[in-house]
Structure formats: structure tokens, C-alpha cells
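Both of the next two complexes hold chain A, though its partner changes from chain B to chain C.
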Partner chain A sequence: MSLVRVLFYLMGFIAVASALYAASTTNLVRSIFVFFVTLFALAGLYVLALADFVAVTQVVIYVGGILVLILFAFMLSGKETLDVIQQQKGKFFSIGKLPAILLAVLFFIVIINVIFKADANNLSWVKDSIANNNTITPNAVMIDNIGVNLMTRYLLPFEAISVLLLMALVGAAHLSRKEGSE
Partner chain B sequence: MITLNDFLIISAALFCIGLYMIVSKRNAIQILIGIELILNAAILNLVAFGKHDSLNNSGQIFALFAIVLAAATTAVALAIILNVYRRYKTIDPGKINNLRD
Partner chain C sequence: MNYYITYFIVAVGLFSFSAFFALFGVYAERKISAFIQDRLGPTETGKFGSLQTLADIMKMIQKELIIPAAADKWLFMLAPAVIFIAVYMGFAALPWGPGLIPSKINLGIYYIFAIISIETLGILMAGWGSNNKYSILGAMRSAAQIISYEIPAGFAIISVVMIAQTLDLQAIAMQQGVLSAEKIKFAGFWDVTATGGFFSWNIFRAPHLIIAFVIYFIASLAESNRAPFDIPEAESELVAGFHTEFTGIRFALVFLAEYSMMFLVSMIGVILFLGAWNTPLPNIGPAHLASWTTGMWWGILWVTLKTLGLVAIQMWIRWTLPRFRVDQLMNLCWKVLTPLAFLCMLISGVWRLWLM
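Take a look at the complex of A and B:
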């Protein structure tokens, strides 16, 4: 068992276990902070998939941006949000949550079945890419290639994303303005 | 060597946990966290498959786009949650049952 594999299992276990804890805890603050750990473990998984730039972006945008936003919303919405959580005192496995657990488990079984039927390691394009040396190797530097591709081949989706970001910004500012101020 | 199947299985587990959070939680912020988990499962798949495309980097670039989209949607969703809290004094989606007028 190589070191990479050990690290992969470690990161995967941390990601899944912390996500399970975030889903099962009744404490909203803990749920948010454990979600931090999930995102960091996922960034580690991206590094193991040889996508270091995506991993850094994940840490910067998710951990630095989105989680701070979520914490803001949690702190601005006050004490009642905590009361909502305290009301449902039930443990992880209560009868009211049985349909949700059943749905998630059945979905998981279906997806696992599909994964093993699809057999992703033997897909034709994956084999082609391995045969043509088109697979990213651990010592390759991909960042300049990503930059060039972003500005040439994927320029249209890039522009579309930028327009959408502007729309989201204006929309969020419009939604959060005080009621009846006009 | 880590195979593609390992990544796909972890991503399936994350997807199902996110689905469970969306269906069972009675708090809009935790539902948002569930949505983020599902988005992250999708990004993990993109990155894992993108390993086999060193020429165009399609997987990694669309993973970047997905991260940016997640940031935009979260900002709008949190603005909506704050507005809902101001109007109803609760963020339980089951209790929000009135239209504007």
C-alpha cells in the first residue's frame, strides 16, 4: 500500500465522516464548523486527483468566502434559529427521519450499482487517454495550461460566468436592502 | 494507484449525505449546507475525470466554474434567508406558508 493510497483513504474517511457528523448533529454551530473540515478534506482529495489549482481555489472561495457568508447569516438570524433546532431533540435515528434515511440509502445503493456497472476505469476514452499519454502525471505543471485554456478554448463559458456573477451580486444587494426604503 | 472508482464512491457517499440533509433538516441554513455538499460531490467527479485530459483541462476548468457558481448561489440564498427571517422570525422552511399579501 503506497503512501498516496493511505492518504487517499485518510482524506476520504475524514470527508465522509465529518459530512455525516454535520448531517447528524442537532447543533447548528457545530454543523457549520464541521463543514469546514469536510471542505478541507475535499481540497486534499483534489490534490490527490492532481488538481492542485482547483484545491487552492476550493480553500480560498469555499472556506474563505462561502463559510464566512453562512456564519454571517447564522449570526444575523438570531436566537430563534437555535430554538428551531432545539425543538427537534430526536437523535440521528428517529422515526420522523426514517423516510429521509431510506431515500438517501436507496439512492446510495443505486449510485453504487451504476458506478460498478459503468466501470469507469475501462471507459474507452479513459483508455485512449492513457494510451496517448494524455493523463496528468504527478510532476506536470498544469497551471499555465489552465490559464491558456481559460482564455482561449473556454472563453465563452468564462464570460457567461462573469455576467452571471454580476447578476447574482446585483440580485443579492437588491434582496438584502431594507424593506420600504424607496 | 488510486482508481476512478474510489473517487466516484466517495462522491456518491457525499451526494447521499447532502440529499439526506436537504430532505430531513428543518433549518434553511442546514439545507444550504446539504446543497453545498451535493455541489462538492459533483466537483469531485469533475476533478477525478479531468485527470485524464491534460490537453484541454476540461474537468478542472469546469470544476472552477462550478465553485464560482456555488459562491454566487450561496450569496443570493443567504440574502433570501435573511429576508425570510426578517419577515417571519423563523427560518424553518415548513413554517413559511404565506405569500406577500
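Take a look at the complex of A and C:
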């Protein structure tokens, strides 16, 4: 096995194992920190897929931003509320959780189905790209490509997301505003 | 296979460098603070107290590692390692001289920006894991501060990247001296491609980057939790903030991370704004000072000197200014630095389009 393949399986294993731990543990803070390991392993997988920009963005946004905000919300909420969540009784699988289990299993079946149906080894567009030499090499500079595509082909989604974020920002500013003292 | 051996040697070299720098940094800090406060500082151990930090580290290593009974053991034990590794990994992408860079990745600056944001997570781990109200308050303050100050720092970096048109730190360094492949104009009008020296540094190439540099420098002080932004470890209110409960080698690791972070952020500032490993001496007529003083060893010398200069300014500021209050800190970040950084980014875009 080549080094790349070993690394792929190693990081895949870390991602899956840490995700399972994050989902099953009752210690909420630990599950957040383990989720960080999952995200990091995913970033490693992106690097192996030559998507280093996506990998670094993943670390910036999820680890530097979202995880820290989750922890923040966690530490600002009262200890009593958290204790109620942490002292959940019952096993990992129980009748009360049937809808959730059903949903998860169905979704899993869909994903497996997609993976097998797609037949990733002989996709026609992949073969075309290889035949036309339209591939990227490990030391290609991808940021120019990403920038140009964002500003031309994907301009509408890009702008729509910026409007969405602006709405969230305005909403947050409105919610946190002090009431006027009339 | 030889590749991997080189990688290991480079990694060990960077680690020993950061450890050595922390030793030197603590000594320098104590001497500088003593000078500013009109004291003598360490004098007993070794000549001029130069072995003081070595003695300190010996003491640290021998100390007992105490884990508080109510602490979350895993988080508590892993936190110093996460804090240090986050900073240490940033060193991998810094260029030291022409052709001399541990890992030449084309996302250099973006990678460093991402990897040092993990330090926040380590600090939160330490704060929560200690299970102590002072620690958790310090950790929360630190996280709030680092997240806020990442924004002006990020925009100051973006305004440089817009001028340089690349994220590769080695390419950014290359553009700021006589080795540049493209045409460099001093302040947008005077062609200094062959002159080099300090004329071609980024802050003089586009003068609005001086403002960006000041913004970056202030934000980097906040990101490395240094005074006047050291509210996470404010001794008078929080004992010692997030590292209250740490002892022995773990405490040493937290400090190692702080000093490595000081060096790292200063070096990024030097690379982005102050000409990286390029010489400050320009070519004047027949005296080719710039060409004579450019090279691998010269590069290491210049980049180290400039970085140590910035580190000295950080220490000077720490022992001169009082600590900010939380609200003053946030006001400065959101009402002053962020709009200014946005303005710098805007000017960069116009500058790139019309003057370069």
C-alpha cells in the first residue's frame, strides 16, 4: 500500500471513530472537543484529495469559528441546564429514540446506495477530463481558479450567501440592542 | 526516503529553535522590564543573570505535576500540548531566506492564519478542564479577544495579499527586494526594481500598508495575549487566568507557546510588511549594497534581526502601557481597527488597479 492510501485509511478511521465517540458520549464538552478531531481528520482527507484550500478553509471556519462559538454558548449557559442534559438516562439505543434511529439508518442506506450506484472508478466525465489532460497536479496553484470561478460562474450563489449573512448580522445586532429608555 | 529524514531534522530544528528562543525571550523580557522600571533584573545566576531562565526551566522540570481533583483529566492534560502544537505548526510555513523554507506551500499565510486559530481551542480546553472559575473566566476572555482581533488582523493581511497577488509567503518575500521578478514602484511612482533595499518593502511600496501594519501589530499583540491585551491572565483579577492550575512542565509548555507565538506573529509581520529576508540597504550608484547583502545567510540574519526588533517593541509596550478594560478592548477592535482595516483593503484594491 502506498503512503497516501495508508494516510487515507488512517484519517478515515480517526474521523469515523471520533464522530462515533462525539455522538455517543454523555459528556457534552468532551464531545465538542472530539468533534474538533473529526473536523481535523476531514481536513486531512481534503488535503489528500488535493483540495488544500478547502482543507484550510475548513479549519478556519469550523475550528476557529463555529466550534469556539459552540463552546462559548456552552460556557455561558447555566450549569443546571447542562446537568439535565448530561444526566440523560437510558442506553444509546432505546425505543424512545426510534424515529431518530430510523432516520439515521434510512439516510445511511441512501448514502451507501449513492456510493455504489455512482461507480466512482468509471465516471464518464472523470475519464473525459483525464483524456483531455484537464486535471490538477499536487503543486498547482488553485486560488486563482477558485477566485475567478466565484466571481463569474458562481456569482449568484456567492451574492445570495452574502445577503443571507448580512441578514443574520442585522438580526443579531437588532436582538442585542438595548431598549431605548423612553 | 532521504526526504523524510530531512523533514524530521527540520521539525526538530524548529522545535529546538522555539525552545531556545523562549529561554532567550524570558531573559530578555526580565532585563527589559528591569530597565524600564529602573531595577536590575536577574543578576545572581551566571554572568549578568544570563543562566537565570535555564535555572528556572530546571526547577520547572523537577516540579510535581498536579491535577486538581475536580478537573477533567484528559482535557486538562492535553490542553498545553494543543496550545503549543498549534503555534509550533505555524513555523512550518515561514521563509527564512531565498529558497530556504521548511514547507513551500502555496497557501502559506492562509495556512498559518488557520493553524494559530486552533490555539483558542487549546485555551478553552485548559479553562474548562481546570474546573476553576478563574480559569474559565480567563479562557472565555481569551477566546472572545482572539476571535475579535482575528478580524482586523485578517483584513490587514488581505490588504497585503491584494497588493502581492499571492498567498505564498516565499513569493511575497521575493517581491520585496532586488530578486523580484516583477516591477516594483516606491509609493506607486518611482521604479526601484534594481535599487531594492527598504524602498521596495511592502509598507513603502504602498504607503497605506503602514496603517495596515500598525493594525496588524496591535491585533497580533491581542492574539498572543500580551499586555496591554492580557486580560485573560490579569493577575489582579483572575490569579493567572487559564493557566492558574498548571504546574511544572505543563506550565512551561504554556509559556513556551506564548513566546513562540510572539516570535511567530512578529515574523509574519516582518514577512508581510517589512521586507521579509530582504536587506534594508539599497543599491546606490556603484555601491551595490543590496546585491552584496542578499543571500541565504544574509536572509537568515536580516529576518532574525527584524523579528527580534519587533519582539523587543512588544516587550517595550508590555512594560509601558497599563492593561485595557474589556469594554475598551472591544471598542478599539470593532469601532477603530475593523473599519480602518476595511479602508486599507479598499485602498489596496484601488492601488493595485490604478497604480501598479
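Simple rule for what comes next: the second predicted complex is superposed on the first by the 146 of 182 C-alpha atoms of A that agree within 3 Å, B and C clash if a C-alpha of one lies under 4 Å from a C-alpha of the other, contacts with A are read in each partner's own complex, and residues count from 1 in each chain.
Note that a residue touches a chain if its C-beta (ideal position, glycine included) is under 8 Å from a C-beta of that chain, and two chains touch if they have at least 3 such contacts.
All of these numbers come straight from a predicted model, not from anything done at the bench.
Participant: Should the superposition on chain A be reported as showing a clash between chain B and chain C, or a fit?
Facilitator: They fit side by side.
Participant: Contacts for A:Val59 in the overlay, against chain B (first) and chain C (second): which applies, first, second, both or neither?
Facilitator: The second partner, chain C, only.
Participant: For A:Phe72, using the defined touch cut-off, is the partner it touches chain B, chain C, both, or neither? Pick first, second, both or neither.
Facilitator: In the superposition, A:Phe72 contacts both chain B and chain C.
Participant: Should A:Leu39 be classified as contacting the first partner (chain B), the second (chain C), both, or neither?
Facilitator: Only chain B; A:Leu39 stays clear of chain C.
Participant: Could you say whether A:Ala17 touches chain B, chain C, both of them, or neither, answering first, second, both or neither?
Facilitator: Touch partners of A:Ala17: none, neither chain B nor chain C.
Participant: Can A:Asn134 be said to touch chain B (first), chain C (second), both, or neither?
Facilitator: first
Participant: Counting only touches as set out at the top, which of chain B and chain C does A:Arg30 meet: first, second, both, neither?
Facilitator: Only chain C is touched by A:Arg30; chain B is not.
Participant: Could you figure out whether chain B or chain C reaches more residues of chain A?
Facilitator: B
Participant: Minimum Cα separation, chain B versus chain C, post-superposition (Å)?
Facilitator: 14
Participant: Of the residues on chain A, which ones does chain B touch that chain C also touches?
Facilitator: 53, 57, 65, 72, 76, 142
Participant: Please give the residue numbers of chain B that touch chain A in the complex, ascending.
Facilitator: Per the stated touch rule, the residues are 1-10, 12-21, 23-24, 26-27, 29-30, 32-34, 36-37, 40, 43-44, 47-65, 67-76, 78-83, 85-86, 89-92.
Participant: Flag every residue of chain C that touches chain A in the complex, lowest number first.
Facilitator: 72, 74-75, 105-107, 110-111, 113-115, 117-118, 120-121, 124-125, 127-128, 136, 139-140, 143-144, 147, 150, 167-168
Participant: Spell out the part of chain A that touches chain B in their complex, as residue ranges.
Facilitator: 2, 4-5, 8, 12, 15-16, 19-20, 22-23, 28, 31-32, 35, 38-39, 42, 45-46, 48-51, 53-54, 57-58, 61-62, 65-66, 69-70, 72-74, 76-78, 80-81, 84-85, 88, 97, 99-101, 103-105, 107-108, 111-112, 115-116, 119-121, 125-126, 129-130, 134-137, 140, 142, 145-146, 149-150, 153-154, 157-158, 161, 164-165, 168-169, 171-173, 175-176, 179
Participant: Flag every residue of chain A that touches chain C in the complex, lowest number first.
Facilitator: Touch list, chain A to chain C: 27, 29-30, 33, 36, 52-53, 56-57, 59-60, 63-65, 67-68, 71-72, 75-76, 139, 141-143.
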